[in-house]
Every structure is written in structure tokens, then in C-alpha cells.
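Each of the two complexes below includes chain A, the first together with chain B, the second together with chain C.
What follows is the complex of A and B.
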């Protein structure tokens, strides 16, 4: 499937990702330990001996370099330690579970981003200057003009509260997260809120790219050969039009990952985004460091995936 | 050709509409009844915007944890819904020796853990000793008057080096004797507190001292409910213990609690019927004022809204210890005293609660002393002269305290903006000081963790201070906040007369006899102008009308086993 050169390229990138993860976690480690205050403080201050015992339990009484070595050693063994706020909660299993939750919402968002974006873009291009084009373009403008937290709040208001009132409680968006995987609707609405602004960007880009491609000679030739419109659009035009779209997928994934911080808090989804906000506010150092590391890895892998997608879409690109 | 493509899309449009509808959950609220007026499904659901810290009696510290934990574990004593100390596993209140040093408890022979093990007096010796040793950052210090505490509390790695409080003994399985080093009138109250003083099963805890409480199979308690699932930071669920030894027997059979991110979401889900109540689990002050105002305007929803005075007071604290504090010294009279008085009298609390507390519905003016209204030691409505608003007198006092204006030229008030009310009160007192005293005080928000660290380390001269009572006894306020060396005495206030009155009251076993001394101590602090009172907090709760027995007092939610879910 991959050439030797491609495998070598992937290997190099993976090594770089490991270095990136260690570098990011180290910077965050040093940064959060510079912050005044910690997770163990509250208004009821324990006596100094108890405070010292607590710091000792979490190894926070060690010199910073020693704490750092302990941390990196743990990291390399896949152990991010224990939460300072939620006793006995091991961070790695917690983050893995939350990553799965976020991945479900993120995947829905990407499906919306790519699916709706490309669909709107293609329709707008093939029906250029018709009401369909105007509608798709207007929808896109609305989409990328509104921050995702506004869209999320509106959706929550509409489907969670409005629909409940209008249907007398027969139909509504059931917020939160049920069980391990959530329910379809619990994923769908947040996924839409997260993905819609990016779908609008993809739609604009796809439209512009399609308009350029469908005027090229090889498309005209394909039509002249008698191929159906669907075959021309999907097989010949869209494939080439997607190259610039794929280019922005990397940054879009980053946007979706960071956007989840807001969306998960609004919809009460127990994923990495919600954890990100609460752990920083709680000064839960180990979780903060683990999260930043996780995000760095996810974003680096997403960029690698996008780079590899180029070779699938455009065989002329090789590594 | 392109028409054909778009035509295909048209064909799937109805499907898309149906699909969209299909993903929305059909939720019907109807439940069948069994002729008892109760719902067939006795499952109680509610949210919390704070995840569990721990449910280990030795280390429990947070309000959310306490509210859950009190349904899973029992102690010798407990608080009833009216905050009276009543027997729990003990068959009656203890017999106290005439010198106030020996407490003797008789235990209920029916008491047992849900794993079937009978509760023995020796289990309490183990549990209290463990709390004293391992709960030093929580409520382990509540046993500091028990003989042997100093040895146990300083034991390293107690789990592997178990030392018991030498002042505790068990003449038989149903008799527990506790000896104190000195009379301590607060002891019964501390034993009733849902933290540190609950019994655990040594055979279970010894297997995994750190994590036994977090797994349903080993989270063994004596309470009417037991944990059946726990997903950290997501949700927790409990079932009623079959044939529980105590009473009343639980009617609610299942309790499900979600840890959500935002209480606004909890409110909307309550409105949808997804939750039976909002406010339990220590979340009684977390409903946003906007939601409360909206709900109040809704004729149906407003019937679900209840307000309860809670156990938190906030005030402006002056620095008494720092050399650079202009508020330092002159306890009874003098320029610094006048300055402190001026700052307090310049605040119109009626305006403050109007602005900072959603028109006065989420808090009330703290005009009856430091201790929150409804708690023992509350000095009485309007009894605090520091809460009086008198701009004319305030200006006169300012002139006496700072004739040149130099002292108050560059003051800063520090606060933590993690609660909206802290920010709102800071902005309002700044405005009122400007209007009523003619001085500009800078206000400086500091993130909560840093703020707490700084003020407990005496870094500020003018700051937001507050206290959420741990239990209903005035000792909790004075010893922590206004006694020399008190861990939360951020202003380093000290007055020998206050210290003397509090020491006398602390030693009095009968709280009713102790209260006048505590109130006198508070009045002395008023005379000292030791603080500028701001507001008492209220808790806001939403209860579905079909819930029976649900409610909350100043401290705690009512016990789950007192609740029933009516048909609806």
C-alpha cells in the first residue's frame, strides 16, 4: 500500500510526534508549576504538618527537576499519575475514556464538516447563480460568521427547550451523556454545532475549487464523451477540486479539537474538552499536562493523516 | 446532467427530514402507579456540576461528597433535617461524665454493613483512628481532643502502621468509651458531622486503603444506599440496600447523579423531565440568577423553586497583621478603628443585594453578625451595627481616620471572580466607597487558587473573605477565622477579649450555655469593627411537585431514604 519512501516518511513523522509530545508536556509541566496556588488549597487551611504531608503524598515537595524526571519517566511508561482533586482517579484511563467520548463527537463533527461542506459546495458550484447557489452560499456565510458556542446555544435552545415546549415533551434533544457511548442524538446535535462553522468554510472552498475545475478542458472532454453528470462531477471534477479542501482539513481538525472545549461544556459531554476547562480551573496539574500532551499528539497525527491523504487523492504526490 | 444529480438529492430530502426527527428522543413522562400514590419507577435523578473528590470518610472534604456520602455511611450521631444532633448507630446521645471528659455510647446491635458484617465498637476505634491519621488535610483534626490524638495524627503510613486512639476503648461490642484531654463542648456536633466520624469495615478497608471506596464491590458502608456504578467525572449511581438495618426504609430504590459541566444545562434538563430535582449535591447556590429570574416569571415552573438559607457569609476583611496595613491596630477606638468603621458604614447592603443577588433573591444582607442566619450563634436580625448604612457618619469617620487622605489614596480590594457574586459585590462596594466616601479603591480579581493561597498566607490588607460552615456550631467560625493562629484567619485579627470568650465557650459542653459567649465574642468584634459584613448566601432548589420528602436545611440535603417519588 505504501512505498518504502512513504513508510520512511511516516516513520520520521512519528518520531517527530514523540519529540513534540515530550516537548509540549515539558513546557506545560514547567508552566503549570510556575502558577501560584494549587489543587490542594481551600478556605479551610490545614495545619502546616498536614499540608506538608499532602504535598509529600503527591511528590509536590520534591525539587522541580526531580518532579520533572518522575513525570517524564511516568509519561514514557504511559502513566500520567493520579488526579489531585478526584482521589484515586488514575489519569491515563480517565483521559482514554474521555478521548473516546470526544472522538465520537469529533467524528460526527468531521462528518458534518466534510459531508455538508462538500455537498453544499458542489451543489452551489453546479447550480451556480441559481437560488440553490444563493441559499448554499448564504448558509455558508451564516455558518462561518457565527462562533460555535453561539450555534451550540441556539441549537440547545431550539431542540432542547423549544422543541420540548412545542411538542409537549414528545420530542426533544436529550442533553448530557448516557452510558459509555452516548446516544445518537446526544452525539448528533453537539457534532453539528461543532462541525457546522467548519463545514461552511469547506463549502466555500469546495465551491470555488469546483467552479475552477468544471471549466477545465478535461471536464469538458468528459462531458463530450457522454458521461453522466454524476460521473463527471464526482469522479472527474470533485476529486481534483478536493485537493485544496484536504489542505485545510488539518487546521480544521485542530479547530474541532479546540472547539470541543466549548461545545462539551455547553452540552455537558464528559470528554476531553470539558476536562480541559475543569482541570485548569482546579489546578489539577497532572491532568492539565496529560491533556496538552494528548492534544499535541492528536493534532500531530491529524496533520500526518492529511499529508497521507494527498497521496490518495492525487497520485502525482509521492513521499 | 447536473439536474439529474440535484434531482437525486431532492429524492432524499424527505428522508433527511425524517432522519432529523428520528434522532430526537421521544420522552414521555408518564409512569404507572401501584395504587399507593407512588410512581412505579422509584429512580431519583439529579445533576451536579462538580465531580466527586472522594467518598472515603477519612478524607472527605467537599460539600458535594458529603451530600452523597451521608446516605452511604453512618456515624454514632447525625443531624436530623432540623439540624438537631440525634443518635445514628448509637442508641441515644452519649452519657457524659461530670468532668466532661468521658463519653460513653451504646451501639444499636442491629447495625450492620451492607456486606452483612455487624458493626462493632472496635470498628469505630479503627475508623476514628484512621480518620485522625489519614484525614489531616480534611476533618481528621476533629478528634484532636481525644486522648492519644497526637500520637495517631502524626503516624506516617498509618495503613501499614496502624495505631489506635488510646482514649477510645470498647468494653464490649456494643459499648464505646471515648476519653478527651479537656472538656470540649463541640464534640457531639463533630461526631454528627458527615465527615471523618463515620464507621468503615476494617476487613474491607485494609485490603486497599487508598481506593476501597471507589469500587462498588468494596465501597461498603452502613447507610441505606450503596454505590452500584461510578464513572469518574461522568456519573455515579446508587441502589437502596435491601433490608437495611435502620429506618425509615428507603422508598427510592435507585439514585442516579450526572456530573454535568454547566448548571444551566441541569436546569433545562429538569424542565424537560430528565431530572427530578436540581440543587442537591451541594449545588444549591449554583443555579444562575438569570435562570432563577426566568423561572420566577413562569407560573408553572416557579412552583418548583425553593429558597433555603445556606451556611455561607461573605464580608470585607481588613489586614490586622501586616506592617503596611492602614487598618491595623486601634481595636476599640482610634484612627484605624474609625477607618474600618467608615468602610463598613459606607456600604448600603440593600443596594448591594439588589445588584449582586438578582434583586435580592439569591442572597440577603448580612446584618445579624458573621454567623449565617439560621445557624446557632446567629446574633439576630439587624443586630450588627457594622451593617448599618450611614454615609454621613462614614464620611465623618473617614475624616477622623484619614484626615489627609493619604492612607486611602491607593488601596486595593482583592477578590476571586470564580463566583459571579464575588465579582458583583466587589464592583458594588467599589462604587459605593467612591460615592459615599469619595475615595477610589482599586479592585483586583485574582484567580481562586492564587487568591486562597495569598489570603491564607496574609498577603492582603483589604479583601473578600467568607466562610462556609462545616457544622452548626459557632466554634467552627471563631476558631478558624478570628483566633490567633486560626488557619483561615487571613486578616490576622486578634483581640484578647474575643479569644477569652471563645475559649470559655468552646469548653462548655452545653451549646445553649455556650452561645451567649459566642455572641458576646461576635459583638466584641463588631465593636472592634473587625470586618465589613456583606451578604448571607441562599440556596436555590428546583423540586418536581411529585417529589415527597425532598428539601434541604442550611447545611445538608434531606436524606434520600426520606424521599418518595409520587405518581406523575
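What follows is the complex of A and C.
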């Protein structure tokens, strides 16, 4: 599937991602350690001897450069250290577990975003200036102008309370996370709240792009061949219309990652986003730094994926 | 003569724009016989392309066919259902367009786009469609067709792209091929090759060709009959030798005068037609060519001429006609 040049390109990008991760964690490391107060600010103050022992346990008594070198060495070995708040909890496995939870919700969000967005966009473009178009466009303006936490609250109202009342408690959305892996409805509703605003952006872009492509000569050629309008729209128009849409997938993934901080806290999902808020409030420095590093890697990988997606959609792009 | 394969009767196609109704094609009629090569010439915006697109009902909104009949083997394309027209498109009547780069889908391979044209009308195993695509590419003289079939359009040169378009048009051995400015975007040597290819296909496959162009030279090299269009109307039609030797409509005459000739004196100025084609929302009264016509008489200003027989199998829509305009006594001038 990939040529030698493409593999080389991917290799280069992966090396760059490693550098990015180290750079991001270094900046965050220094930033966190420059904060007023220290890691034990929220703790009940133990006696000075115990405090010193604690600081020593976390190597917080060492000079900052030395701490930094230890940290980066650990990072390069895939070790993010130990939580300050929950002693003995290794951060790497913790974050990996939480990343899986976030990935489930995030994947649902992306499916909603891309699926609903492209569907609405195509329908609006094909039925331009009809009520279908106006309905699709209005829907996307609504989604576009509502923050995800407002959508989340409305979904609670609708599926948590409304559905409970309507079915007499037989069927309703119960927030919270029952296990390591969410059940279907526990993923779908937060996923929708997280993805819908971006679906609106995708819908608007797809519509504009489709309207442009549908007037292209090659779409006329396709019709002149006697292809059915479904084949013309999907195979000839949509595929070309998706090229600009792919461009915003990168920023969109960033939006979903940052949005997940809000959504996971609202829905009580034990993912990276919830940990993000908790660890900052707890001054759990190691987790904060680890999380930022995680996010940097996720976003960098997402952008690499988007760039590779281009080559799949548009054969004129080669690396 | 044999039954015409295509008959256009009083075709009117209009565009309903915000500024008004554009009468892009205004009462065009002509017949096309099996195996015939018909040229449609005229300036940009005279309705040639819209006529061609109307034949396959490919005119886009806000354009609409508002009047007339397009009889393909006796069936009226204008009143057919969408599915019936789709059956004809690419199977019985194929069309190729001006700019072969923008007319080919950039994200699909050339071979796929040809196979698709075959499979739109016949259920064939994909292997057979592929070998047919290779065969078609060979037929239009694409070198190394077996490997080029997997190329994307951007990997083809301009001439090869137009050949690929022609191959696509020929996929289902249509009885009519409509070529809309097929050589305009190509350089001269490639133009000649494409015209030669079209001529061979016409001779070997008996495909009737409607060639739309603004280039009189292209018409001369390929067509047996010519239709001259101006402002949405046919102003003159006849066999190619007659039109070139003895044009009767002043517009046809001016078009021919504007072609540079090797045997003319280098200091002779080329004749250009003054002014621009008229606004088709509010066409001029009388003969539509009258504002630009150097031979007009009073009658041209208010009386719209229809096509009249002016010679063997030759018709022109003109009150004056060149025969009289250029008469030595010049009595009709002014």
C-alpha cells in the first residue's frame, strides 16, 4: 500500500513525534515546577522529618536539573513515574487504561462527527435550496453555535430524565461508568455531545465543497456516461469533495481531545480528560506532565494519520 | 438518403437566471444521418455547447429545455424518463468535452473510468471490463496500454487524456459521438492526431460525429456537413465544400474571412467581426446578426429571417445573402 518514499516519510514523522513529546514534557515539567507552592501543598502537613522523607522518596529534594534528567530518562524508557497523591500507583499503566476509555468515547465522537457531518453536507448539497437543505443547514448552525456542555446537559434532560419519565423507568440513560469498558449507550451519548458541534463544521464544509465539485466537468462526464445519480454523487463528487474536509480533521481531533476534558467530567467518564482536571487540582505533577505528553503524542499521531489519509483519497499527493 | 439517426426539431433551451431568461438555444433544427460527420461552428456563447448538452439532457440548472423535440431513432429524448435518458447516455450517444484534464476524475484511474462506462450499461465481469478498457486504449493509440490503464489522469499528457476520453466515449460502440471542442485545449500537432483519430473511427466504426468547434479549419478537416450557429440560432447550413466555397450568410462569410491564409499577401489585414455576440436575454430585433453585419439592409432591422434555401442542399437565414451582397453592382449595399 505504501511506497518506499511513503514509509521513509512516516519514519521521519515518527522520529519528529518523539522529539515533540520530549519538548512538550520538558516545557510542562519546568512550568509545573515553577508554580508557587509545592507538590505537598494540599497534604496535611506531616512533621518535618516525614516531609523530608516524602520529598526524598519522590526525588523532589534533588536540584531541578537533576530531577529533569531523571524525568526525561524515565520518559524515554516509557516510565512516567509515580503519582504523588496515590503513593505507589504507576502513572504509565494508569494513563494507558484511561486512554482506552477516552479512545472509546473519542472514537464514537469522530464517527458522529464524520458520519453525521458528511451525510448532512451531502444531502444539503444534492438538494440545494430545498427544505431538506434548509433543515440540514439549520441543524448544523444549531450544533455549531452550542457548546458541548450545553448539548451534554440537554442530552441528560432528554435521555436521563425525559426518557425515564416517558418509559416509566424501563429505559433511560444512566450516567457514570460501570466498568473499564463503557457499554454501548454510555459511549454513544457522551460521544454525541462531544462530536456534534464538529459534525456541524464538517457538514457546512462538505456542503460547500460538494456544491463546488458537483459543477465540475468530470461530474458532467460521469453523468454523460450514463451512471446513476447515486454513483455520480458518491463515487465522483463526494470523493473529490472530501479532500478539503480531510484538511480540517486534524484541528477537529484537537477539538475533540480538548472537548473530552469537559465532557468526561460532566458524564463522569474515567478517561484522560477527567484525570486532567483531577490531577491539576491535586497538584499531582507527574500525572500532569504525563498527560500533556500523552495529548501531544495523540494529536501528533492524529495529524500524521490525516496526512496519510490524503494520499488514500487523492492519488496526486505522494510523499 | 437513409433515415436520420437523430432529428432535432425547433429546440429551445433557456436559462432562468436572476437577470432574466437567457435564450441560449432558440429554435434549432437539424438532422443527423448514420455515419455522418456534422460540424457545428460559431463563436463562444452562440449556443453550440448548450445544443450538444441538450441532446443528452445534461443542461444544468437553471437551464431547461422549454420547447422542441430531440428524436433519437424516433423516440423523443425531451419527454423520456430520467432512467430512459440514462440508458441512452454513453451507450447510444456518447459525449466528449473540451478540457480533457478537468473532464476526467482526478482521483480515479483512467482504466477505472473507462470500465465504469462499460459497466454502466452492461453486466460484465470486471476482468472483461479491464481487458476491454485496454483494448479501447489501444484503439485510440495509447502506447503501453496494459500498464497505462492503471495510471491516473494527471500522469497522462494532454493529448493522451483526450484519447482516453474518446476511448471512454467509444466504450459501448455508440451510434453518435458528440465532441464538444475536442481539440481546443490541445497544441496543434496533437490536434491533428486527435482529428485523424476521429476520422478513422468514423470510417471504421461508422460512428456519426457531431463536432462542435469555433475553428473552421477543424471543421474542414473532419466534417461533411456544417451548421453555423449565431446567437442561439442556425444561420446557415450545408455541405462543407459549399459552405467554404460559397458561404451565403454574412456571418459565415466573416468567419471564413477571419482565418489567416498562407497564400494571401502578408500585408493584408485579417478581417475581424466588429462587436460582440448579442445579449441573449434581450436579443436584437430583426436579424440577430444585424448590429454587426456590414451588409445589412432596412429589412434586417425589424424582420427576422428564417432559413431559406440558397443553393444545392444549402440554407441560410439572411435577407441579403453574400451572392447579392458581393454582386458587382453592389445595389444592395447600405
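The rule is short, and it goes like this: the second predicted complex is superposed on the first by the 314 of 319 C-alpha atoms of A that agree within 3 Å, B and C clash if a C-alpha of one lies under 4 Å from a C-alpha of the other, contacts with A are read in each partner's own complex, and residues count from 1 in each chain.
Following the convention adopted for this analysis, a residue touches a chain if its C-beta (ideal position, glycine included) is under 8 Å from a C-beta of that chain, and two chains touch if they have at least 3 such contacts.
From a predicted model like this one, the values you see are computed outputs, not experimental measurements.
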Worksheet item: Clash or fit: chain B and chain C on chain A?
Response: fit
Worksheet item: First (chain B), second (chain C), both or neither: which does A:239 touch?
Response: second
Worksheet item: Given the touch rule stated above, what does A:285 touch, chain B (first), chain C (second), both, or neither?
Response: neither
Practice prompt. For the superposed three-chain arrangement, provide the angle chain B-chain A-chain C between C-alpha centres, rounded in steps of 10 degrees.
Written response: 160
Worksheet item: Now for A:314: first (chain B), second (chain C), both, or neither, which partner does it touch?
Response: second
Practice prompt. Could you say whether A:266 touches chain B, chain C, both of them, or neither, answering first, second, both or neither?
Written response: first
Worksheet item: Once the shared chain is lined up, is A:198 touching chain B (first), chain C (second), both, or neither of them?
Response: neither
Worksheet item: Is chain A touched at more residues by chain B or by chain C?
Response: B
Discussion item. Quick one: is A:223 in contact with chain B, with chain C, with both, or with neither? Answer first, second, both or neither.
Written reply: both
Discussion item. On the combined arrangement from the superposition, state the nearest Cα-Cα distance between chain B and chain C in Å.
Written reply: 8
Worksheet entry | chain A positions touched by chain B in one structure and by chain C in the second | 223, 228
Discussion item. List the residues on chain A that touch chain B in their complex, please.
Written reply: 35-47, 49-51, 53-54, 83, 85-89, 94, 97-98, 119, 123, 126-127, 132, 156, 159-161, 163-164, 169-177, 183-185, 188-189, 223, 228-230, 232-233, 264-270, 274-275, 277-278, 281, 283
Practice prompt. Over in the complex, which chain B residues touch chain A? Could you list them?
Written response: 1-6, 8-9, 21, 23-29, 47, 51-54, 56, 59, 61, 136-137, 140-141, 154, 210-211, 213-214, 231-235, 258-262, 265-266, 268-269, 271-274, 418, 447-454, 456, 466-468, 470, 480, 487-488
Worksheet item: Where on chain C does chain A make contact in their complex?
Response: 56, 58, 60, 86-91, 94-95, 97, 99, 102-109, 116-117, 120-121, 152, 154, 165, 168
Worksheet item: Within the complex, which stretch of chain A touches chain C?
Response: 215-218, 220-228, 231, 235-236, 239-240, 313-316
